[in-house]
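Two complexes are shown next, each including chain A; its partner changes from chain B in the first to chain C in the second.
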Partner chain A sequence: MDSSLELKRPPEAPLLRRHRWARLLPVALVAPTALFALAITVLPLGYSVVTSLQEFRLGQPPAFVGLQNYQNLLHDVNFKNSLGTTLVFTITATAAEFVLGLMLAMLLKDEFPFQGIIRSSLIVPMAIAPVVVGIIWRLLYNADVGLFSFAVQTVTGKSISVLSSATLALPALIVVDIWEWTPFMFLLLLAGIQSLPQEPFEAARMDGAGPWNIFVHLTLPMLRPVIVVALMIRALDAFTVFDQVFVLTQGGPGTATEVATLMIYKTAFRFSQFGYGASMAITLLILVMVFSAAVTRAFRGTV
Partner chain B sequence: MAGGAVGALSHCGGNATSNNRGQITFGSYADPALDILKEVFLPEFERDTGIRTEWVEADFSGWFQKALNDGQTRAGAFDIYVMDDLWVPRFAGASYLANIDELGFQADQDFVPAALDLGFWPPKTGLRQPGIDPKARSVLYALPLISDLQLLFYRNDIYSQGSPKTWGEILQVARERSDPARRQYGWVTRGVKGNPIVNSYFVLLHAFGGEMFGESWKVVFNSLQAVEALEFYLSLLAYEPPGVAEFDSDQEGATLLQGNAFAATMWTGWCGQTDDPARSRVVNKINFDVPPKQVKQVAKLGLFMAGIAASAPNKAGAQEFLKWFSSPSVQLRFARNGGIPFKLSAFQDEEARKKSRWLDAILKCLACGVPSPRTSDWSKVEDILGTELNRALLERGKAKQHLDAAAAEATAFLKGAGYPSG
Partner chain C sequence: MPSFRARQRLWLLARVAMISLALIIALLPVYWMVNTSLKTQVEVFTAPPTLWPQNPTLENYVSLFVRRRMGSYLLNSIIIVGTAVFLSLVIGSLAGYSMARFAKDQAQQKLNMWVLVPRMIPPVALVVPLFLILQHLGLINKQLGLILVYTAFNLPFVAWMMRSFFKEIPIDLEEATMVDGASRLRSFWDVVLPLAAPGLVATSIFSLLITFNEFFFALILTSTPAAATLPVGTAALIGKTQTLYGEMAAAGVVASVPLVIFALLVQRHLVRGLTMGAVK
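Moving on, here comes the complex of A and B:
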């Protein structure tokens, strides 16, 4: 090419240079934080994915086994059972917490004497460490000296071993979760209710609508974005329940309360099957992501 | 100024210098049996040697996880790992521990042999895990720290003729004297799934002549003797508090110390509490012995071990601690302060035996003690067996069916892990 024909770039005007810098500045400012966030989220996740493709044998370096761990997972009855248990736990606990939380929020939304004390005392369970919650409830459920057994014995004349019953242990854990986390639902929903505009409610009352109609046709639809967020947060948290199960039942009796996180923990850290444990964790993560995506899709436009 | 900087750097690194012998960091699980060591003997060690000590502890599972991470990443956060003896195969096998032999430690003849043997890897006797050279020399990787094991605790007001000699006697007394209406039970056990129920059953299994593994790691915990042992274990249920299937050692111990049970096999950590009026309603009413015999008389070992981390910043200091703590004079004072020693001379000291009246029984238990199988895969097998034992306890029967189910699952697992007869 003839060099004389080459177009010479005009020198950049100072204003243009400043404009480009102004465009890059936010990126430059955000970059360290973004890189840090990536480092603490994506890197461990990537490491877990790599680990899930390996097998660890005592005294030998990790061996790459491809998708073998995932194939084994497909035939692992215990893992499938633990996923089922987790699902039952999540759905039941979240639903009950939502209903109770909403009832409490509706009940306590208006001004009343001692409301500060009552509202504060309601959120106490949420402030207790989950391990302590587990210990408290283990005593309550104790067959020999526990409150539940005492109450049942008073009525029926027979003591009851809640945590050593294959049918009662999981519901007992769900009750503990409801006790601990209903206050969270209550707080979120109360904040949502109190932030709703009052005009539609006043108009409805003037039109003669009763409390039930107002609740069903105004409160619930207007509260829908808050409800979705609250349900989502609680469900995701319930999916990863660990502490209470660990303290109360260790997954027993038998495998009646063996939730997925407990199984992952045992596989990786007690049995040192790090690769297999990582493949379980990644599978659970994918399932949780699918669940979140499904909920988000179902309620698209409302959140 | 440069000198000051060098001094500061060596201080941060925890390395020994001429004036300051540096620091050693212990990582441990929390356990009351370690209190005397922490409160009395570590300060003494600091005074004697000029080496500072730091004690970092967590709950049992939490510490296990931390120690694994430290070993794997070679982070060097700890100099000494306090371990359950069950961890030695895993930590030594994965090279997380320093070879104490190579560091120049010489074990003398005063060590209780059964206690010292648990620190060797590969094990000195018995089966060797696949992947371990059958001819490889056993190397010392850890020393005992506390001689923990399960011994028989029995009420001397119930067993007035002395300790029960057979398991049949335990059942007979339970039958005759249990009174659930007054919350008086003949026996109490840890029934929660996993490690607790397996440890409870372990003693009976061996007493009835059973084993966990046969030749070439063949699973034999569903043998005739094993089934008989489990059936016996289940027969005791009628004379136990309700809900033992959810009992761990805290509830088991509380039942005995509240005067609600006549006997139990429990860990040595409970011995000191039996005579403490603040914790026990049966002060001086509990005696100790080796668990009864059926075919054999055995105790279950579960010693606390101390190993030097392969990545320890101050290996010399850590080794000095092990040498110091295992010296006869320190062990003697440890026993006289109520600690459970691991040196024969300390067990034989009159003053120590008077202070801790359970020492004789513990020494007898050490002589007939059986540890958990020496494989890093035992935890998985224990979980499988523990789940089925717990189910048998809930159903109060079907011993053979549950042991067969556990054996089949354990066999499949071991096969996948490369065991010859898995």
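Moving on, here comes the complex of A and C:
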């Protein structure tokens, strides 16, 4: 790669060519970072593929079993359930965060008193460590001392423990994710809106377009690149959510909130089935890659 | 139909109401944690809950450090995060400089994309092999193991962030010093670096935030107080404290307040940081 690099190099700024080594400088500067990147991705990924083809439990020598793990995976109801849970979590949370973030961005895009302080306050949730976010919501949801539970009890007269309810635990986790990450959408969309050129908007107003029309036919289409980036980052993150679920429910009650990452964690590190865990992780990675590729293809040229 | 002026006033009122609601939703949960952390165990269980501590006490914080070894988790975090951020900043900004200045030919661009790969792969896809590899090397439950992992994962971020900051520095400035006879490295050191200093600070605070709050790798690669970081220690506390909600809340405050302040300091660059330079 290095030699071809030198051959293909088009004439650069003449100053660069003063020394022989100067030509190698660009590559030499990136090389350590690229090597580190390879060492932590390609190497483990290769190892992971090998592991996924093995029956590999703690205390036993790994044995090659071919695609057995993947075949088992096809019939693993728990894994399918966890993928379903993850999908519901990702779609609901991302959609809600997008809508709320967009509303906030529209509310705060123009001059407003205390704009700076308001903006800073709104981004506090996403600056807090996910583990601590888990603690915050444990305190709120707790049936004995929680503020949220107290409010529900006052209104409905019933005491509920949200996190130990099979039907409410997942929505409760989605609420936590929305609380933590709506600020992210808000910030990105606000930056996008504020960087839009002003002329089209002035022209539209001159032509008598109403605010709603301007929003739907002008703001949204022009904002599309930022929207795609924001949704993409958020969806991929939500798809591999772990910390808050670990702290709040550990996947329970039963497997009601067992998202994919948590299931892989349990399989590999609680039950020490490294081979089976690795096959799940590879499957998840393939799903993520297919999704990213599809989105990238769909929006090629517009971003 | 209300008059134009009345409608405008109504809209302003609605705006104020909605923004206030958003502020309450964003801040009340955080306040509640701080509030709980300052209450006595008895007051925590009072119904209805008290909106501020009636007898504010620091006993939860004291117990945290005396009985729960929070100090050693905190120290681990500082050593691991500090070393990893420093290493990735030195190595990564060199790469970022190269990416900003020499990204003209295709091979170089490919190399640049490679740098980004670790950020695009979800951690869960790498954690099983990383655990096994570090186990072979005897680096599980060692600070060094997590330092290596964090450095490697920080590098792409630092490189791409610094690339976007370096790009904003006009190349003419460098060329001018080089015409005057300075070497490229000298002009990098004397001219570029001082100009990039604010970006360097923002980037380091960002890596600090990401690494300090990281939980998944830390949970799997370190579990003993000898190497476990603050988030791991905090999560472990939840099981140990049972109904000592005051202590749990205090741990949350310790693990988040310094970082929130850092985040607010760099909020001007927040969007760039969150998208690795894709959106400014």
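Going forward, the second predicted complex is superposed on the first by the 264 of 303 C-alpha atoms of A that agree within 3 Å, B and C clash if a C-alpha of one lies under 4 Å from a C-alpha of the other, contacts with A are read in each partner's own complex, and residues count from 1 in each chain.
What we mean here is this: contacts are C-beta pairs under 8 Å (C-beta built on N, C-alpha and C of every residue); 3 or more make two chains touch, one makes a residue touch a chain.
For clarity, every value in this text was computed on a predicted model and none was experimentally measured.
Of the two partner chains placed by superposition, only chain C is touched by A:Val229; chain B is not.
By the touch criterion defined above, A:Ser161 lies against chain B but remains apart from chain C after alignment on the C-alpha atoms of chain A.
In the superposed model, A:Asn142 makes contact with both chain B and chain C.
Residue by residue along chain A, chain B and chain C are tallied for touches, and C comes out ahead.
Contact with chain C, but none with chain B, is seen for A:Leu188 once the two complexes are overlaid on the shared chain. In the superposition on chain A, A:Ala204 makes contact with neither chain B nor chain C. In the superposition on chain A, contact is made by A:Arg57 with chain B only, not with chain C.
When the two complexes are overlaid on their common chain A, residue A:Phe150 makes contact with chain C while staying clear of chain B. In the superposition on chain A, A:Ser272 contacts chain B only, with no contact to chain C. Of the two partner chains placed around the shared chain by superposition, neither chain B nor chain C is touched by A:Ala95. Residues 142, 144, 246, 269 of chain A lie at the contact with chain B in one complex and at the contact with chain C in the other. Per the touch definition, chain C reaches chain A in the complex via residues 15, 18-19, 22-23, 25-30, 32-33, 36, 44-45, 47-49, 91-92, 94-95, 97-99, 101-102, 104-108, 111-112, 114-118, 120-133, 149, 151-153, 155-156, 159, 171, 175, 178-179, 184, 209, 212-213, 215-216, 219-220, 231, 234-235, 238, 243, 245, 248-249, 251-252, 255-256, 259-260, 262-264, 267, 270-271, 274-275, 278-280. Across the interface of their complex, chain C is touched by residues 1, 4-5, 8-10, 12-13, 15-16, 22, 25-27, 29-30, 32-34, 36-45, 47-48, 51, 103-104, 107-108, 112, 118-125, 127-132, 134-140, 142, 144-145, 147, 150, 179, 183-184, 187-188, 191-192, 195, 226, 229, 233, 236, 239-240, 242-243, 246-247, 260-261, 264-265, 268-269, 274, 277-278, 281-282, 284-285, 288, 292 of chain A. Residues of chain B that touch chain A in their complex: 61, 64-65, 68, 89-90, 93-95, 129, 131-132, 183, 191-194, 241-246, 251, 255, 260, 376-377, 379-380, 383, 387, 390-391, 393-394, 417-418.
Remark: chain A residues 57-60, 141-144, 149, 159, 161, 163-166, 246, 249-255, 266, 269-273 touch chain B in the complex.
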